[in-house]
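Written out below as structure tokens is the structure these notes cover.
In this document, chain identifiers A, B, C, D and E correspond to the written order of the chains, with residue numbering beginning at 1 in each.
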Amino acid sequence: MADALFWIGGGLIVAGAMLSVLGAAGVLRFPDVYTRIHAASLTDTGGATLMLLGMGLLGPFGLITLKLLLVWAFIMLTSPAAANALANAAFGSGHRPRIGNFQIMGEDKATDAAPESAGKERA
Amino acid sequence: MLIVAGVAGLIVAMSLMIVRAVLGPSHYDRILAANSFGTKTVLLIALMGYLFGRPAFLDIALVYALINFVTTIALMKFFRYRSLARPLAVAGGEDGADG
Amino acid sequence: MQLEALYVAQPALTAQAPILAIAVPLIGACAAALAPSGRAGWMISVVAAMVSAWMALAVAGEVMREGVILYQLGGFAPPAGIALRVDAMGALIALLIGAVGTLAAVFSGHSLAAEVRPEKHTLFQAGFLLAQAGMVGLVYTGDAFNAFVFLEVSSIGTYALVAAGERRDRRALPAAFNYLIMGTIGATFYVIGVGFLYGATGTLNMADMAARLGTLDQNAAVQAGFAFIVAGLGVKAAMFPLHGWLPGAYAHGPSLISLFLAATATKAAIYLMARFLFEVFPDGAAFGDMFLQWVLAPLGAAAVIVCSLQAVFARELRRMIAFSSVAQVGFIFLGFSLANASGLSAALFYMTAHGLMKAAMFMALGGLAISIGARRLEDFAGVAREAPWTAVAFGIGAASLVGTPLTMGFLAKWQIMEAALAGGRIWIFAVMAAGSVLTLVYVGRIIEVMFFREPAPGAPRAKESPVGVLVPLLILAGLSLWFGIDASLPQQLAQAGAASLFEVRP
Amino acid sequence: MSWIATHFNYVVVVILMMAGLFIVFSSGNLIKRMIGLALFQSSTALFYISFGKVSGGTAAITLDAQGAEGQALAAQLDPAYVAQFGVEGVVYSNPLPHVLILTAIVVGVATLAVGLAIAVRVRESYGTVESDEIDAVSRVAAEQAEPAP
Amino acid sequence: MTAPVLEASFALNVALLLMLVVLAAAVVWTRSLLAAILLMSVYSLVSATWLMVMDAPDVAFTEAVVGAGISTIVALGAILLTRGEAVRVSWKRQVVPGLLAGLVGGLLIYAMSGLPDFGDPASPANSHVGRAYLETAKRDIGAPNVVTAVLGSYRGFDTLGETVVILAACIGVALMLGFGPRATLAPPAGAPGDHHVVLRVTAKMLVPLIILFALYVQFHGDLGAGGGFQAGVIAAVAIILHALVFGLRETTAAIPPQAARAVAALGVVVYAGVGIVCIVNGGGFLDYDHLLTPQIEAMIPAGLLGDPDKPHHWGQYFGILAIELGVLMTVSATMITIFYGFAGRTIDAIAAELRR
């Protein structure tokens, strides 16, 4: 039983880490602020959820679980709120999304159709 | 071993975020990178507690999450209102722009 | 005056005197910050400074009777715990800090009213007491890292206090900022140096460090630690090329802070440097002697000549005196560079003399600043007629600065020159003589303007300082004269301190 | 190569220290100088802490005192660790540099706050936080004050 | 520690330090002050993580709350009141600073050969006083967290100095920014499209929770990472969060600036007062073994706390508790004062002052 928990928890942690790496790659490679925000906020919350779940399975049940839960709650509060506020502020200051504009996009070969899914493919 | 792999993955992700924070043409990119970096740091510290056999270090991860939250609000106020003193209003006006 | 015979406090109190000299101004600072009015803050400040000075006197008497005092904090023996370690040198400097602090606190009543907004007075007094507590702590502590903490205690409040001079002279703000940057770099260099020594010895207690450094002469980390400590404390002590922060901070800050810093801040840092130079570092370490001979002596000489010249050509009176302070630090370092007991004791005596005379001069200017907000030298034309007592006190300080016989400055200067001759360093003698001549030139300019020139028509007329200023001012001037005739009190401590350092060195 | 491994931390400390000092000396902007100063001060933290690390050590919060939970955790999470040292025989890193650096960090933030406060006042008084412009304003003011009748 | 963990620890060390170097280089290079502040905030996150690898959780705690939290917020406040961009510095002006920094760097590189190897347990630094603390802390103090024991008791005088430094910063910032033109603090008309109900509700829930957490950190300090300083900053962060969300006027109504200053001073009084009480009871300054009079000491059953062979543990326990309380008061009040100072001023008020 403990062994199984160890492997499941470890697996979740690795999965979360992979998600974080993918998100980071997205943040590095995407063409404009909005797509980067999209990549970061989704993978942050997702990765954090997976990893904290994994850690919860690894450790004993008790105060530690509560703390993990609190950390998770904080991240779930912060990350979306920050992403929202950031996108809002960026839009307010005159940044415009670049998806769909071939001139500006340069090397990015996403088509103008379905920019969202293009972003997701990359992530 | 799996924990080590998780730590390595987080380190890679953090390095990529640093590249974005350093290059990030606009301030928004930097803030995004800093914020996302903060989240990854929280996870890394929590994970390191397990790696080194001291999960009590979760306190520190908790503090990080907290600080990240407050700093984000401060940054948002910085950009939106150019002031740290003004309250965040409830009845702002029409909904929509941030829906 | 025989110090050994001074029993100024009960034995039980004397045993706790070293810590009380630090703790009382600390608690006083908190009380001043909580005080309901500026006047109450002033009274707390005077009382706390006075108690601190009293305790310093008790410590000095005890040191003369018993030798070095060790006070263990927290009941843990060093090196595990922090200990205060007071020798005669430290007792002397702390006494200087206590005396000047008390007189400055009395003076602050009138000075602050003229220079700082009334609602800031309580906080200002609190910051002033913190600075005093920090300096006494810096002098008494026997722990290298604890010294850093007290270095910062005495500095951080001071930065803001200097900046508070902006009400009268807004250049205080950039000057204070500069002071903060340089002071912090200096303190950080000191920490790095202590870090190297800690890495090499594993201890922070200075005496323990000295014992463990004995065999580490050739260790590169120890040498670098030495360099960083000397450079860091050099910044704080305004050693010649690192003195950039001083003229601005002294010239533009409030009178109270200029006077207190000029009399004590550099002295405390110099004292700490002396402890590292002569106590902590291994006996006869090649780099230590090389440093004294080839770095400290030339820098001291350069300070004397260059900064005296800068003082000669300065336009503003307080700036002039500030440059003079850097030059005087050069004199003190020349005394150190002789590397023997007589040179060190002379330098210590000089530090005391300089503290008293600079305090008198800055206080006199502060007294005049209450009535005329003047800065340039010409604005002080003929003040001797309007404010004779203030001008006379200033004149006594200035005479002591030049080294006129019958003043403390004369004895001090003569002792260093004598030690230089005895040590066969003719060039140091010559530099000191040249420096004295330059001092005479700029002091002569000031005296001429103050005493013999007609005030410009239409210029604001100076008024005699109020009694609250005159009393401490005349006490300071009187001390400069008294110790010029009977120097036994500071002399005893300086000689005992220097001897105790050099008798442990073979 | 092994020298790099054993002294890598110190090399990094040196680089950070130089970076901080360079900013303080080269920049004319008061805020930037404060940031450089913070960088410089934080490099000393790295310096001290690097001394105190003992390889294979753990944080100086003694495990045995955390009671049954501490023991259970230590055994559950890293059995090899406890097998090797036992909870009693755990190697701890040196706590002394940590204490010193706690103090140093506090001093650093105090300095930062006071420095930035002074910089804000400079901006209010001179209208700028660039040293060159402050000097220029001061010079103009001094020249205007000079030919006083 | 097992070999893979050891290797992972060293690899983490290297990776995090390289990140620090990259960030520092970027701070040197950027002219935008906002970017520099953000990079420094990331820097401080990385360095705190590195501190965890170095087994210094207490320091990491402090670095996190101070570097990434307070410093960033204060610096943001400062550039709101000044400006966000530094003037370009010509390369000629960078030669001398470069040489100076190079000189210092050269000296340090020279000195490195004399430093002990990284991680060497037998180095002088790790074998003399530091080792002694690990061996004696349990016996003398009774606190499992040796850092707390050293901080509170062995080197309690340093910590007093540190608290006083904080008070000095409080006084300094209050002197600089606490008086004079103030922000009007009127509630804004509200920017169009803003409704922050979620944030307000969240903050309202969080503020007491954070203060509760601060108390946990405060009283858990002798058992785990934490203590008065960290708890003080966390408590201040709760207040700052309140001010950020509900406006400075609401917060100053609850905690007036004068009250914050008074608490800061009282904290030092508490700390130094403990020392004085020890003197009065016949010990030295801060000698907690004499904190409780012998009569009280006799009432405590032996072995109730810590080592039964060492009778004075209660003194140490209460002494550390009391001084940590003093630290908490001073630190939280000072951080609040600093925030008030920076947030309470506005460019408009300054401009009005300048025009006058």
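Couple of notes before you dig in:
In this text, a contact is a pair of C-beta atoms (placed from the backbone, for glycine too) under 8 Å apart; a residue touches a chain by one contact, two chains touch by 3 or more.
Keep in mind the model is a prediction, meaning the values are calculated, not measured.
Listing every chain that touches chain A and chain D alike gives B, E. Note on interfaces D-E and A-B: more C-beta pairs are in contact across D-E.
Greatest Cα centroid separation from chain C: this falls to A.
Chain A and chain E have Cα centroids lying 31 Å from one another. The distance from the centre of chain B to the centre of chain E, each centre being the mean of the chain's C-alpha atoms, comes to 20 Å. If you average the CA atoms of chain A and of chain C, the two centres end up 59 Å from each other.
Shared contact sites, meaning residues of chain E that touch two or more other chains, fall at 1, 5, 9, 55, 57, 77, 108, 112, 115-116, 123, 125-126, 129-130, 133, 155, 158, 161-162, 165, 168-169, 172-173, 176, 199, 224-225, 342.
Residue positions of chain D touching 2 or more other chains, listed in rising order: 17, 21, 24, 30, 51, 58-59, 61, 66, 73, 77-78, 81, 96-97, 100, 103, 107, 110-111, 114, 117-119, 121.
Multi-chain contact residues of chain C (touching two or more other chains) are listed as 145, 149, 152, 156, 159-160, 163, 198-199, 204.
Residues of chain E that touch chain A in their complex: 198-199, 202.
Of all residues in chain A, those touching chain E in their complex are 77, 81.
Listed in rising order, the residues of chain D touching chain C in the complex are 17, 21, 24, 30, 33, 37, 40-41, 44, 47-48, 51, 96-97, 100, 103-104, 107, 110-111, 114-115, 117-119, 121-122, 125-126, 131, 134, 138, 149. Residue ranges on chain B touching chain A, taken from their complex, read 1-3, 5-10, 12-14, 16-17, 19-20, 26, 28-29, 31-33, 35-36, 39-40, 42-43, 46-47, 50, 55, 58-59, 61-62, 65-66, 68-69, 72-73, 76, 79-80, 97-98. Those residues of chain D that touch chain B in the shared complex are 58-59, 61, 66, 73-74, 77-78, 81.
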